[in-house]
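Down below is the structure, laid out as structure tokens.
We call the chains A, B, C and D, going by the order they appear; numbering starts again at 1 in every chain.
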Amino acid sequence: MTTSLEVVSLEPTPDQYRFSFGGGEPLITVAPGTVVELTTEDCYGGKVRGVDDLPSRVCDFPYLNPVSGPIAVEGAEPGDTLAVHLVDIAPARDWAVSSTFPHFGALTTTHSTAMLHEPLEELVWLYEVDRERGTCLFRPRRGGPEVELPLDPMHGTIGVAPAAGEVFASITPGAHGGNMDTPEMRAGTTVHFGVNVPGAMLALGDGHCRQGEGEVCGTAVESAMRTVVVVDLVKGGGPVWPRLETDEFLMSTGSVRPLEDAYRVSQHDLVTWAAQLTGWDPLDALQLVSQAGLAPAGNVVDTNYTMVAKLAKRYVPGAVAHDGVHERLRATASAYLQQR
Amino acid sequence: MTTSLEVVSLEPTPDQYRFSFGGGEPLITVAPGTVVELTTEDCYGGKVRGVDDLPSRVCDFPYLNPVSGPIAVEGAEPGDTLAVHLVDIAPARDWAVSSTFPHFGALTTTHSTAMLHEPLEELVWLYEVDRERGTCLFRPRRGGPEVELPLDPMHGTIGVAPAAGEVFASITPGAHGGNMDTPEMRAGTTVHFGVNVPGAMLALGDGHCRQGEGEVCGTAVESAMRTVVVVDLVKGGGPVWPRLETDEFLMSTGSVRPLEDAYRVSQHDLVTWAAQLTGWDPLDALQLVSQAGLAPAGNVVDTNYTMVAKLAKRYVPGAVAHDGVHERLRATASAYLQQR
Amino acid sequence: MTTSLEVVSLEPTPDQYRFSFGGGEPLITVAPGTVVELTTEDCYGGKVRGVDDLPSRVCDFPYLNPVSGPIAVEGAEPGDTLAVHLVDIAPARDWAVSSTFPHFGALTTTHSTAMLHEPLEELVWLYEVDRERGTCLFRPRRGGPEVELPLDPMHGTIGVAPAAGEVFASITPGAHGGNMDTPEMRAGTTVHFGVNVPGAMLALGDGHCRQGEGEVCGTAVESAMRTVVVVDLVKGGGPVWPRLETDEFLMSTGSVRPLEDAYRVSQHDLVTWAAQLTGWDPLDALQLVSQAGLAPAGNVVDTNYTMVAKLAKRYVPGAVAHDGVHERLRATASAYLQQR
Amino acid sequence: MTTSLEVVSLEPTPDQYRFSFGGGEPLITVAPGTVVELTTEDCYGGKVRGVDDLPSRVCDFPYLNPVSGPIAVEGAEPGDTLAVHLVDIAPARDWAVSSTFPHFGALTTTHSTAMLHEPLEELVWLYEVDRERGTCLFRPRRGGPEVELPLDPMHGTIGVAPAAGEVFASITPGAHGGNMDTPEMRAGTTVHFGVNVPGAMLALGDGHCRQGEGEVCGTAVESAMRTVVVVDLVKGGGPVWPRLETDEFLMSTGSVRPLEDAYRVSQHDLVTWAAQLTGWDPLDALQLVSQAGLAPAGNVVDTNYTMVAKLAKRYVPGAVAHDGVHERLRATASAYLQQR
């Protein structure tokens, strides 16, 4: 590859972290095609460092889930497509944490599924992260076997500024992206966002060494990350909900409540997207997705729930999504990784 | 293998099909350990044989989704665990069908998500099934590319008689099993049911050549099947909700509405099951499942929605589920397949 | 009034109570127009008689919520409308009970909204019923003011046999009626059911001295009742979901999950019913209901949730519902009450 | 009454209307106890003036649902209680409008309950408002009887700035209030909000000549209003969710999805509020609310759904809510109305 890569760095200072999507000035502005090397802090702001650091004591509510950004992208206008390719996501420390959290999680009384129970006990788990071996070690707090889990790093939170001047807490997922908490947000994936404001205003954070589908206790194996992304722009064609693309899969997301509506949104988008890519009638696309689609949960704990609708590209013959930007960004990523 | 296998056959005549779980006399009674070779009809009762056979015209409501059975299992008592291992599921014809259906599906007005729209158009798709090559061919009705899909045969409906004398239509999934419509119900899987009535009263049907997660249009690639199961009994230990087990995975199911409650039920069962198998505290099991669990949708179209909670056995060290019956049934299946 | 009234009596013996809708032989068969004087037991089967009688100890699961019936109605055929007018509902004892119940209620972990909490504490409240003054007395178990509440007797459970051979536990509400738990089911109301099986097979029970909307703790002021109903038949026109009618209101019900679907079902039925009664276009009926309709919760605790959609008759000019059977039954009720 | 009333006026110019809660500078700042006479525009920004003015054509998305404000209240600090008493709500014109709206409403495909149907037809209804007689006239668009409905003016939207720097579109209801769309928001009601930011930042709009519970088509009888409120402050005690109070009732609200969670939030707040006011144990308060509470739907169409939990004050002996501010504001309102 002979073209030179634009590579910029973003390492927010503690006071530069943001806790919402929308509003505020960009930390940096980049041209489409730029590689951004950035750091993110964990969802606890790095304040939970051992099993005695209960989040409800050491964290500063509501300043949770810091994101790095916003990154303004030159030329991005409402209606455009912002494509963000995740090149690399590397845990920044040799430990990571997870916890229960009062009034948060799928199997506990919460502020919206309000019950008369006392909250579940707040507990912290500390994971040893072995970046060489690619593992993180689960140590039960109250006995029983330890389990070594493979690293599968991802970002829980990535998004752009919402439409209509809204500002959402970074823990909220929605049409703007945000805290979707899907394990599909790993290196190798391109995310397509519809742009709502000039510059798009990309931000990301909430790195996970790994996460189960649904994130049932409310948190993953939370870790600060060293992450590399390439951002690019396709004029027009902005999707209503974030879409993910890998070499193998097309994915639509829906982040609303109840969970069946998140399923509906994601499947509706995948069906109409597949129809548009192939020329199928929407009912034909519905039929194909019914037989070949996957539907893993993203999160079932946040202020909106996220479902992912997933279709192998080999079942969408000849499809070129969003002007082929994923393939271009894969090439950029390869060039970057070779020269790094 | 020197022990002789008990093998019985169940080929219901058209008037012997049942359309509910619960009530009625068993078609056959078998001893634990018996291999049952059986046939099932498709969810349309075999009446939809071409694209002009609209289900609403050719089917005889509410007599949809016939099941083969019930099969009484000797010695099964309320509280026991009925283990059913799916040995083989083979499409019985060289074609299969799917359709939309007025007031059925996730992206249409239904009898419970009632709207003022006219129902989506009723359309039938006929698939060519090539059992040699292991494929079924999707032909769009209104142009665009055809797609060859791999066969991945499964049963949408399998269950036992409900508790407390209830009788549920065979299209309803619940704690008794029934129409869970999860692609995980394929050959190689053992299902564990809690027994509610003497004899357990197993029945199954609704074979699918393959199915997407969620079954978004409401039907899969529907096919009559030649199926082989082994049934076995573990005294006591009957799970509240059906559990699935393969060589690799433990799975819990939940079939209720809304979809987040199906998620909760399935995750709650998986967490408490993992805790019981390992000696972990429930909060430790919750933590492990949060990081290592999978959560695919079963169906989001039936009278109850189904979520599956799935955990790799390698993350549950030393666990032996339901007295190890899955391993025993795998051995029986191997013996059967070798001598067949 | 000169016509003689047919009056029959139904006082089930303890072993005659049923715990489901559907299946079984009728206890009595009556002609349309018959007045039935009947007794019902409370939802605990009369076994909770003081604050130390914890339901989970004294009741015999799953034999809860007994109903009196079924009452077969001569000439009732599938598709017909069974009209049941509640003439009188009188508490049978000078006490009534309520309780929390492990895994039951809207503000507690349940079998379907499954959480890792211990269930809420099981507590019983004993109410003094003063039939003369028309009150029942709430005595807090742990201090604080007592409150005298007006009697407003109603039946939580009333329904017919479901369609398609299904049998539902009496605690389940649905299209067949059942445990709708709406305070609107008081004397003066006519319920219209669609008939699913010959004879319709009416049954009722679960009397409440009074009940809040939603029945948030899971139980009302539960009481055995002496109840008088008149049953009548309108050939054809059977509604899909139970409808209620008083001198002032038309009401539709929906009993499904999630609660917004129960709302949708009930509003959809009210809108299409109002359109049919007036000749309005469905969109015009939708508009009128949007401005003039009421939407109280029935229950948000049972296996299905119930919403009621309610429209004052004065906003539906000239409407005659279900052939005017409510007015006829009001006349019958008056005649009966005068001669009693 | 001898104390002089502080009365200020707020008549926003067209460019002063806001379309969100949170952010921005106050239009006016008032002292606690001030009477504010204000005007509000209808949800269409006054642009729909006849049946041919389809909202999707004449309105300027997303600039819908303008609110008047924010009004900063001197001394209001996070954690305080802002009490707003609705003194008078008077339709400003002799006409009002309602409409269906593509992808909005409870009985139609929406952006979150996404289906493959075409949206319901967009239709406008024009109501004649007769302020003398206190009526508005429903004219069906496609024949059938006209209906005169009583005026029952209310505000669909009233709220304060959200916590944590969030900014929500004015069509969203939540813990900050906003577009709750409950008919209970009529003259005579005091609303208690928890204050999230200095000054509280009250805004209101979306006047309705009347509205059904649930607002099933998505809009009410929409009208510009001349409204009078008194605002007051109670230090501390800010409720998590907006509470309403009248001479007769205490009311809690919950605005989330699904609808059962809105029910849970509102009932949970009412139960714990009643416990706090009386000294009852929470389980005793739960019991009382179960028997005496009401649960009408607010809206089942907006981005969050709203349920209201309602308890007659006569069942909460001796209770004085939020320092008795409702009674004080009633007195202020009387004084104002006498001198007007």
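Please note the rule applied: a residue touches a chain if its C-beta (ideal position, glycine included) is under 8 Å from a C-beta of that chain, and two chains touch if they have at least 3 such contacts.
Each chain and its UniProt protein: A, B, C, D = Acetamidase/formamidase.
The structure displayed is predicted, hence computed values, not measured ones.
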{"item": "Of A-D and A-C, pair with higher C-beta contact tally", "value": "A-D"}
{"item": "Chain pair equivalent in interface to B-C, over half of contacts matched, among C-D, A-D or B-D", "value": "A-D"}
{"item": "Centre-of-Cα separation between chain C and chain A, whole angstrom", "value": "48"}
{"item": "Distance from chain B to chain A - Cα centre to Cα centre, in angstrom", "value": "33"}
{"item": "For chain A paired with chain D, centre-to-centre distance based on mean C-alpha positions, whole Å", "value": "35"}
{"item": "Touching two or more other chains - residues of chain B", "value": "107, 113-116, 120, 257-258, 260, 264, 267-268, 271, 283, 286"}
{"item": "Chain A - residues contacting chain B, complex", "value": "98, 100, 106-107, 120-121, 123, 125, 138, 140-145, 147, 149, 210-221, 257-260, 263-264, 267-268, 271, 278-281, 283-284, 286-297, 300, 305, 307, 315, 317-318"}
{"item": "Contact set on chain B toward chain C in their complex", "value": "19-20, 22-23, 62, 111-116, 163-169, 240, 254, 256-258, 261, 264-265, 267-269, 271, 282-283, 286"}
{"item": "Interface residues, chain D side, partner chain B - complex", "value": "107-109, 113-118, 120, 258, 260"}
